[in-house]
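Shared between the two complexes below is chain A, which has chain B as its partner in the first and chain C in the second.
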Partner chain A sequence: MRLLPPAWAAALAVATLAPRAAAQDPRLARLDPGARASVVALLDSARTAGLPAEPLMQRALEGATKGAPPERVVAAVRRLAVDLGSARDALGPKASAPELEAGAAALRAGVPPAILTRLHTARRPPLTVPLAVLADLVAGGVPVDSAGAAILTLARTTGDADLVEFRRAVERDIALGAPPAAAAAVRLSSITQGADRGANPSQQPRRP
Partner chain B sequence: MFEQQEDVVERIVQYLRRPLQMDPALDGRVMQEIAGLAARRGPAAVAWRWLTRPRHVPVSPLAGLAIAAGVALLVVLPARWLGRPPASAPREFQFVLVAPRAATVSLVGDFNDWDTARTPMRALRADGTVWTVVVPLSPGRYRYAFLVNGAQWLADPAAPAARDDEFGAPSSVVTVGGL
Partner chain C sequence: MTARRPRWAALRGAVYAVVAARALSAQVAGTADLGVSTVRYDGFLPAGAASLSSAFVLKRPRSTLSARGGYLVFESGNTSMHAGLAGSAFTHATGRWRGEFWATAGGSRYADFASFWHALGGVRVHFLAGRGSVWIDGSAGRTSFGRAPRPAAAVAAGLWTRRDSATLTLSTSRTRVGDTVYSDVGALARGRRGRLELEGALAARLWSRGGGRGVFGEASAVFDLSERAALVLAGGRYPTDPIRGSISGRYFTAGLRLRSLLARRPASPPAPVPVHAAGGSYSSSSDERAAAWLEIHPESDGVVRFVILAPQATSVELAGDFTDWRPVALRRVDSSRWEALLPIARGVHRINARLGGGPWIVPVGATRTADDYGGETGMFVVP
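So, the complex of A and B:
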């Protein structure tokens, strides 16, 4: 009898044992019985596809804790699994779990996958914060084109902390009544002009 | 007048060219004096002189490359190897909620399995208006919400809202950079 190569044997063992491991996760006991089997199947599918399963588990737990109906929990988990897969297609197979989760949020907010791919080529990893800021900007009302252009411009030269500060500044301006697109454009302009002068945006005085 | 000067110069030259009678023991005395000077300097001075004296150290091209690679490695060494916390290390985040008339407030989110009992917040003031808790978070994007009095879900007004909320209760988002 010919023995299986070790790598194949390991893969077979993982594929065989993974569903059992998922089924034994004590957190699954918190799910409604009507949703549990479907969620377990989605978790196993994600693992088989090489996608992070933990965000799916957390989404299911969120639904359970908030008392959502089982079908809505399953639908949310399934939608997130699809978004994670799309994010990996756009960001490449080496994207980390946090990057995929942030990418999935950006896609869910309405950002086209092409912008994620351009961001992937424009900036060295990790991309978690640029992707999250992009998702938050679009979710906050900034048009996708404006938000994408701003993040792609800042991604090459701006650090994570300054990206977060950019998002906060845009949100403040929007809360004060500025149109979202204008707020993003003005804040982007102030940062790029500051960079041209050699100033660090995070060191500029903050508005009271 | 010039002949008289030439005569003087000639006599000076002859004087300078005369053979000198040197003491045969002079070399020995000089060397003895030098040895005495070294002995009087003390071991520290001698050691310092030994350390600072230039030397020729033969190094093969391979050894030179190895030394250069070692120096380059030290220069570009990742920060975590030099004692700084790695980028994936958890960072502490403080969550604050102003909730007058609240009896209990919990922080619930992706970082605690949406367990309502795991992260209770404490009242900062005696009147119970400001509630806070500090949570270590690893790099990632987290959804969370506040649960007031065990029944009312509140989003964090100081954080971006999770617009992809699908369960009918508001959530917020916190992003921790690093991965």
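So, the complex of A and C:
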């Protein structure tokens, strides 16, 4: 079970014991009454901890739309809050809300925090797209080591649009039957070799 | 780093197959093929390659053991090697029925990628009839690329018949590798006239989830120059093989085959070695998911055009963290195309779709991930 960072755990505890009056977002009315108070407490504690509350709200609304039981909604929101806190620990206090959300998705997919930290040092912000592509690759079946190595390699030199194109190319290869790790390696090699040629490699096939 | 060792290994294998094979027994045959090829793997430019492959077959009345290996050098300097071992043993015939147990294992490696291996075992039941037989087959095992082994299983059925010097085989199979599933049908014809042996194969992958689709065909001609040497021409297009690790491609090969005097039947024509091991995992989770294909087109000013292709749907809705998870109905554009324009921020997003008021699904085109609520949600990136 994932451990809460001390500061974040303290904030959660305070919020759980004495939920403050969160801004009464009308969207909360869509939540089951059994989940509403706990979600409000979690939103409050997130704000207290300087974490973005909107992703937590969205996670709660997702549960409401899917008819999830209240306790499951609360657990999902709490889990995301922990991931957002871990993402901030890895990415630094200046990370933006979209970066934290993408970082949390990457952590949830199985990416270790150390890779997020290395990405933070390897590329200037915003890191939203590299993090999102990393999360997407891992969720799509690319082993964490391969996906992390690929994104860290590309992060220094490749723009956001090319990162997304890289992800699409990997996805196409996987859909054609290539193993995810091999698809990522081939496309990464294609890009790095193409960069040496000064071409846009993601759109140019290469020789085997 | 590893180029020299595989080369020597392959050379040793070839020499062993041709020279040492004769010394073992009259039931042993060996071949070695030296060839040049042009290959075009899907997604790659065409490339020339030089190949060296060898095969070693030991046949007994009720069992067969074979070993094959190959080494390929592309014009880019990249190298590929593969090796495999296969064996089968027949039971005694019971009336017209006969059983067969078989097993195969092998591996391949391309450039400095992680290596690929597979190990499978199976049972085949033959019903002998006149000039041929009908068979059914079931197999299971493991296949792996790098450190990610996946279960593999297949069921197959087929028949073969012989007319004079020609053999015709028809087969169909359904294979599952991890969550990749595909069904193949195929026909293989082989015949010999004098010094010329011809073989042709036609196959189709009609249904596939992650294994690619298409119609494929290969042909080969082996012309005997002498008892020990033959010219080999082969070419065609073959499908992705997620079990043994090859991605689909086209090839043409011309080569010289050397064989032991006791070889009764030449080995299969040299096929291009895979660029990398196959075995895709991208797949849909249900028929509903397969019925909805998502396209995401970023427009200007932070607006994204969502397109869902769902020919069978009477209505299409989507919901995600960009709609506050409120279902949004898409507008029907034509008989299969549904669209909506929605503002959406950069980053990673979650989405589900619903067809005809049914369950929430993850459309093809979004990455599936667990949704914390016992189901799945789709993930996509807006740059």
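Note that the second predicted complex is superposed on the first by the 178 of 208 C-alpha atoms of A that agree within 3 Å, B and C clash if a C-alpha of one lies under 4 Å from a C-alpha of the other, contacts with A are read in each partner's own complex, and residues count from 1 in each chain.
What we mean here is this: a contact is a pair of C-beta atoms (placed from the backbone, for glycine too) under 8 Å apart; a residue touches a chain by one contact, two chains touch by 3 or more.
These numbers were taken from a predicted model, which means no experiment stands behind them.
Undergrad: Overlaying the two complexes on chain A, which is it for chain B and chain C: clash or fit?
TA: With chain A as the common anchor, chain B and chain C collide in the superposed model.
Undergrad: Let me test your reading of the model: by the given contact rule, A:Ile174 touches which partner, first (chain B), second (chain C), both or neither?
TA: second
Undergrad: Considering only the touch criterion stated at the top, classify A:Gly34 as touching first (chain B), second (chain C), both, or neither.
TA: The answer is neither, since A:Gly34 touches no partner chain.
Undergrad: What's your read, chain B or chain C touching more residues of chain A?
TA: The partner making contact with more of chain A's residues is C.
Undergrad: Of the two partner chains, chain B (first) and chain C (second), which one does A:Val164 touch, if any: first, second, both, or neither?
TA: both
Undergrad: Can A:Pro98 be said to touch chain B (first), chain C (second), both, or neither?
TA: After superposing on A, A:Pro98 lies in contact with both chain B and chain C.
Undergrad: Is A:Val186 touching the first partner chain B, the second partner chain C, both, or neither of them?
TA: A:Val186 sits against chain C, while chain B stays out of touch.
Undergrad: Determine, under the contact definition given at the top, whether A:Pro143 touches first (chain B), second (chain C), both, or neither.
TA: second
Undergrad: Jot down the residues of chain A that show up as touching in both complexes, chain B in one and chain C in the other.
TA: The overlap between the chain B and chain C interfaces on chain A comprises residues 27, 55, 58, 61-66, 68, 72-73, 75-76, 79, 98, 101-102, 105, 108-109, 126, 128-129, 132-133, 136, 139-140, 160-161, 164, 167, 171.
Undergrad: Looking at the complex, which residues from chain A come into contact with chain B?
TA: 27, 55, 58, 61-68, 72-73, 75-76, 79, 96-99, 101-102, 105, 108-109, 126, 128-129, 132-133, 136, 139-140, 160-161, 164, 167, 171
Undergrad: Which of the residues in chain A end up touching chain C in this complex?
TA: So the residues of chain A in touch with chain C come to 27, 55, 58-59, 61-66, 68, 72-73, 75-76, 79-80, 98, 101-102, 105, 108-109, 126, 128-129, 131-133, 135-136, 139-141, 143, 146, 160-161, 163-164, 167, 171-183, 185-186, 205-208.
Undergrad: Within their complex, state which residues of chain C touch chain A.
TA: On the chain C side, the touching residues are 39, 41-47, 49, 74-76, 78, 80, 110, 113-114, 116, 145-148, 180, 210-212, 240, 242, 245, 247-248, 275-282, 319, 321, 324-327, 345-348, 350, 352, 360, 367-369, 371-375, 377, 379-381, 383.
Undergrad: Taking the complex as given, what residues does chain B use to touch chain A?
TA: 87, 108, 110, 113-116, 139-141, 143, 153, 160-164, 166-169, 171, 173, 175-179
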